[in-house]
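The structures come next, written out as structure tokens.
In the two complexes that follow, chain A is the common piece, with chain B as its partner first and chain C second.
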Partner chain A sequence: MSVPLLASLEQAFAQLPAAALQAAQLGESRRTHLAAALADGLPTARAERWRYTPLRALERRPFVTAAALAEIDPAVLPAGEGPRLVFVNGVFAAAHSRLDGLPAGVELLPLSQALLGADARDLAHLARRFDASDDTFARLNAAFALDGLVLRVAAGTRCEQPVTVVMVGAPTTTDIAVHLRHLVDIGEGASLRLVEHQLSAGAQAHLVNSLCHVHLKPGARLSHLRVQCEDVAATLFTRTEGVLAGAAEYQRADLELGAALSRHELNIALQGNGARLRSNGVLLADGRRHLDTRLGIDHIARDTRCELTWRGLGADRGRAVFHGGILIRAGADGTSAQLSNKNLLLSPHAEIDTQPVLEIHADEVQASHGATVGQLDANALFYLRSRGVGEAQARTLLTLAFCRVALDDLDDDALREQIDALLAARLPEVAA
Partner chain B sequence: MLKIENLHVRVAGKEILKGLSLTVKPGEVHAIMGPNGAGKSTLGNVLAGREGYEITAGTVDFGDKDLLQLEPEERAAEGLFLAFQYPVEIPGVNNTYFLKAALNAQRKYRNEAELDSMQFLKLVREKLRVLHISDDLLHRAVNSGFSGGEKKRNEIFQMALLEPRLAILDETDSGLDIDALKMVAEGVNHMRSAERAFVVITHYQRLLDYIVPDYVHVLAEGRIVESGDKSLAHKLEQQGYAWLEERRLPERSGV
Partner chain C sequence: MATERTDIDNALNRRYEAGFVTDIETEYLPPGLSEDIIRQLSAKKNEPEWMTDWRLKAYRHWLTMPVPHWAKLKISPIDFQSVSYYAAPKARPKSLDEVDPKLLETYEKLGVPLHERAKLAGIAVDAVFDSVSVGTTFRKELAEAGVIFCSMSEAIHNHPDLVRQYLGTVVPVADNYFAALNCAVFSDGSFVFIPKGVRCPMELSTYFRINAMNTGQFERTLIVAEEGSYVSYLEGCTAPQRDENQLHAAVVELVALDDAQIKYSTVQNWYPGDENGVGGIYNFVTKRGDCRGARSKISWTQVETGSAITWKYPSCVLRGDDSTGEFYSVALTHHAQQADTGTKMIHIGKNTKSKIIAKGISAGRGQNSYRGLVKVEKSAEGARNYTQCDSLLIGKKCGAHTFPYIEVKHPSAIVEHEATTSKISDDQLFYCRSRGLGEEDAVSMIVDGFCKQVFKELPMEFAVEAKKLLEVSLEGAVG
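Presenting the complex of A and B:
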């Protein structure tokens, strides 16, 4: 039985320019990945990793590939200075990007350009295999992605200015499928801040499938904020594959505020001794939104640490799914892992599914996890109201406070204020 | 200003207040004392509008309003303030932001112009100076990680800022050392005026050495069984609450 979504992608693949597909000798790898995706099909609810995120409605929809660069109103782009890469419907938009004035040691360019001047060693990650039969979207990405962000920071470089990448969905007559592949490589002892926006320039129901590789060399530091504000009809599959060398520090915050369906797999391998991950996030599942975040934290080396602070909101008929998987391998002694996932259920029709999974094979390990689903604290609500704050505003204040915990680590005040404003604008209708 | 008549209140099916009556006029300070379980905190909570209290009989007039018909935020805007026995910790909500939101919500209700940030901060500094409170409480989240003393100080600061017509202090003295107790008393005494009234709920007479009441009432088993002037508080201090045992039956109302 043919699945319309996959059939439409197979057709789209045949129409991609042969030269682009073959760039960097990736043609064979792309065809292999496509064949595997077509053979295994879309994951079903029988696959444990997809149990809470059914794709039955999605698989019936065909998508085409964007033919040309769409026009957008620059006002939809986030405010702020500094280096920036913008993609519109998956196509690099040079006119909206700022690549000049990069600090020494920072290389920033679209993947489409990097593929042309390919240095095979640098792009080895593009030929990575995805062997699991339910890795369909990673396989499709490996087959299709012709563009994305390439960001390399040389050893010892400390970049003060944040680098921004913006993925814009622009309205088209036919729904399109966008595939982006990003590479972020932070050299030994280097540090950088990266801000990633996924947003919409108008009503659209695109499928955006992006895959981001994050490599942190020994002692490297990356602060990474991802703000997902996609259109209410958009479908997103996002996968992050991070590898941290010794004493590397990766701090990220993910805000899932938009889309109809957004699934994020965040896989981080703590490969070097003393590597540290702090991953926070907020899932704001209102309307009929379905948000699914799946963490796979892999402690491989000694004395590695992870602190995971995630907050979920279920309002209206929204659904938030959170899976916090932590694996501590044999030999990863001295590891510390902390996971906190708290959720607010603000409507009787909303649903929260949370599942912390801790698997420990090492000794001398400190690990804790907690997951809760509850309502706003009645005492706090009464306290605010007893001072004159109206009920709706009190609920908004408390809901915002609940989310803020996940943003406490943001070391950039301007960014924090921006995010706060974004949340504050959204929450009154959510909390009401 | 406040007129409570024959108030009966149930909590979880159990009658706690059994016909309480009390009248408070502008400028007066009333102390309500009583043993544990007498219904002291229930009175404060019912007046402020906390959920979970079932009013089975009686009336409460506040000015020209039927207090029991108002939402908690409307009661606040009408000028009623409850200093909590256990102020609630609210991580993630900045104290200054919260107070500005509260004050402006009240002003809006009363058709007064809202204060902008500059005007608000000016007012805050003025109140801090008068109360001899440092501004470190302002930058923190509401009561979050505050010591017991800091929490009560924050309550008094809120009261000073919101300038209620009637302030109810619910065992504000519990768990306070003598310095914090004096600070609370100073705050109250500073705010005493011909237009403003206080109801001070306390288990101990100690606070009343610093906030000298005009009237003292004894609350026992859900109603006021004895009323008098400040000397009644001293009598309670010396004799305890045991002598009230014989006084529970007679029907008595408050002042």
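Presenting the complex of A and C:
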């Protein structure tokens, strides 16, 4: 039985420009990945990793790939200065991007260019990154992704200005499938802030499959904010594969606010001694939204730390799914791992599924996790009401406070204001 | 001097005290599994036709099921054809007085108060040896109260209506691979029926013993507590030391009607295998309680120290409004033992409550996983769950894992899950040592404190036994 989604992708692949596919001599590898993905098919609900996220409806939908660059209204792009890379329906939009005046030591360009002008070293570097693929979406990405963000920061560079990457979905006549591959490489002792926006320039029901590789060299520091405000009909598969060397620090915040279905896998390997990860996030599952976030934190080296703070909201007919996997390998002594996942369930038709998992093979460790599902605290509500705050406003305030815990690490005031505004716009409806 | 030497030897050999074999004439069915064997087994037990059909149906379904692999366990493939599915002591006792003295001696060694000792202890005991029940004590006293406590085989003959009404209603034939196997080949087990309004006058207890070589034990227990009744049931298990793995696949079903309470306690001490992981029991058990009535309560308490592999999730289906499910567990893995155990709490009725306290201790190369599901259905208004899972690591090569699943579909539910993992802190040890305690005593004291929340749920005799078992099982874990 042929699966319309996969059949349409197979067809789309045949129509991709041969030169682009062949760039950096990746043609063979792309075809192999496509064949493997088609042979495997989409995961079913019987697969443990997908038990809460059925793909039956998606499977029946065909998609094409974007042919040309679509026009968008620049007003949809987020405000802010600094270097910026914009992709519209997966195609690099030079007119909206700002690549001049990059600080010294920072290399920022679209992957399509990097692939064409690649020298031998880069070639091997990129090819290796196209190799990692253990699920169908990663394989499809390896087969299809012709563009994305390439960001390299030289050792010792401290970049003050944040780098922004924006992925815009623009309306088209037929639903399209977008595949993006990002490469972020922060050199030894370097530091950078990266802001990633996934948003929509009008009603569309695209499929976006993106994969982001993050490499932090020893002592590197990356603060990474991802704001997902996709269209209510869009489908997203996002996967981040991070590798942290010794004493590297990765600070990450993910806001899942949009899309019909958004599945995000965040896999971080703490490979060097003393590497640190902080990952915070909010899942705002209202409407008929299905948000699924899956963390896989792998403590390999000694004295590594992770702190994971995630909040979920289930309203209307939404469903928030969270999996927080922490693996501490033998030898990773001195590791400290903490996970907190709290959820508010606000409607009788919403659902929360959470699964905090600890797998521990070393004994000099401190690991804990906590997960809760409940409602707003009646006492706190009463207190606010007794101070003259209206019911609706009190609920909104408490819900906002509940979500903001996950954003405490954000040290950029302008960004914080932007996000507060985003949440403030959405929460009254959710909390009501 | 000589005495001293023996004392030391004895102390060193203390590892698995229940590891002896009783030399008793045993009747077997030939090894292997087929419809024929099942018919023979059923015929040997003189079962009515409905029972035989039920078994065959289960067997046919079992054949279509794949072996499950989802648990975090390393299991060498099981050859179901090499197991003998029926082994019984040849001399069939008519009453306890006729029970083979060797058998009684076995239970004596195990500390089971089977006979007159039972009178002192005030516990009614049903003992299952290999495949059959060998004797139940205190029948008369129980009968006066209206309580039925007998072996499953007897129940099938004497109370067929009750058995047919409830058997397989909590754990259906096709529930899972090992439950289906059990339905096909179960040989005996205990049946308990507490009529309306009766508080069972004493604690009921079953001791399971695998004795014969190359046999599996597949017992089936069914406990029904009618409206407003109460029963506390204890279960203990042991097996001799052998080099090959033996299979134990039991099914336990509990049914609690309105206002009924069932308290089910297990001390599991099947042979765990030696230090190198040779031999030991594969303990694959399906236990499920159904709180069918309003305000009913089912409480599972388990201390799991034995078995090479434990795969067990005593669960509660909280169907009745205001019903309560509890799960208290201590699971210990030492040497090469593996355990994947936990519970499921399915909230269906309104204002249902559940509480899970799970303590895992890993030592040596032991792998210990907690796997649990808390599910709040759309109908379960006001459901409440609290889960606490703590793991203690003793040694560098062991593992402790936690796999909770939380699924909530009602906005008034409150579900909390907490888990921690740590090793015994050097500070705690140092403190105990500075007060003159030896290292092993100190560890054992700290472990005892760690497990206290669970031990206090056990009936007193069992709590003492459980504590002792932990001490023995942890021997050699430190240093």
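Quick note on the criterion: the second predicted complex is superposed on the first by the 418 of 432 C-alpha atoms of A that agree within 3 Å, B and C clash if a C-alpha of one lies under 4 Å from a C-alpha of the other, contacts with A are read in each partner's own complex, and residues count from 1 in each chain.
Just so it is clear, a residue touches a chain if its C-beta (ideal position, glycine included) is under 8 Å from a C-beta of that chain, and two chains touch if they have at least 3 such contacts.
Just so we're clear, the structure is a prediction, and the values are computed from it rather than from any experiment.
**Q** Using the overlay on chain A, decide if chain B and chain C clash or can fit next to each other.
**A** Superposition result for chain B and chain C: fit.
**Q** Just to be sure I read the superposition right, which of the two partners does A:T172 touch: chain B = first, chain C = second, or both, or neither?
**A** In the superposition, A:T172 contacts neither chain B nor chain C.
**Q** For A:S112, select first, second, both or neither according to whether it touches chain B, chain C, the two together, or no partner.
**A** Once the two structures are laid over each other on A, A:S112 reaches no partner at all.
**Q** Looking at chain A, which partner touches more of its residues: chain C or chain B?
**A** In the superposed model, C touches more residues of chain A.
**Q** After superposition on the shared chain, which partner residues are touched by A:A330: those of chain B (first), chain C (second), both, or neither?
**A** In the superposition, A:A330 touches chain C alone.
**Q** Tell me the contact category for A:S368 with respect to chain B and chain C: first, second, both or neither.
**A** Second partner only, chain C.
**Q** Identify the partner contact of A:S29: answer first if only chain B is touched, second if only chain C is, both if each is, neither if none is.
**A** Neither partner.
**Q** Once both structures are aligned on chain A, how many angstrom separate the closest C-alpha atoms of chain B and chain C?
**A** Nearest C-alpha atoms of the two chains are 15 Å apart.
**Q** Taking the two structures together, which residues of chain A meet both chain B and chain C?
**A** In chain A, nothing is touched by chain B and also by chain C.
**Q** Which part of chain C faces chain A closely enough to touch in the complex?
**A** The contact residues of chain C facing chain A are 70, 72, 376, 378, 391, 393-423.
**Q** For chain A, which residues count as touching chain C in their complex?
**A** 48, 314, 330, 343, 345-348, 350-375
**Q** Where on chain B does chain A make contact in their complex?
**A** Residues 48-51, 71-73, 75-77, 81-82, 84, 87-88, 90-93, 98-99, 101-103, 105-106, 109, 141-142, 158, 162 of chain B touch chain A in their complex.
**Q** Spell out the residues on chain A that touch chain B in their complex, using ranges where they run on.
**A** 377-380, 382-391, 393-394, 397-398, 400-405
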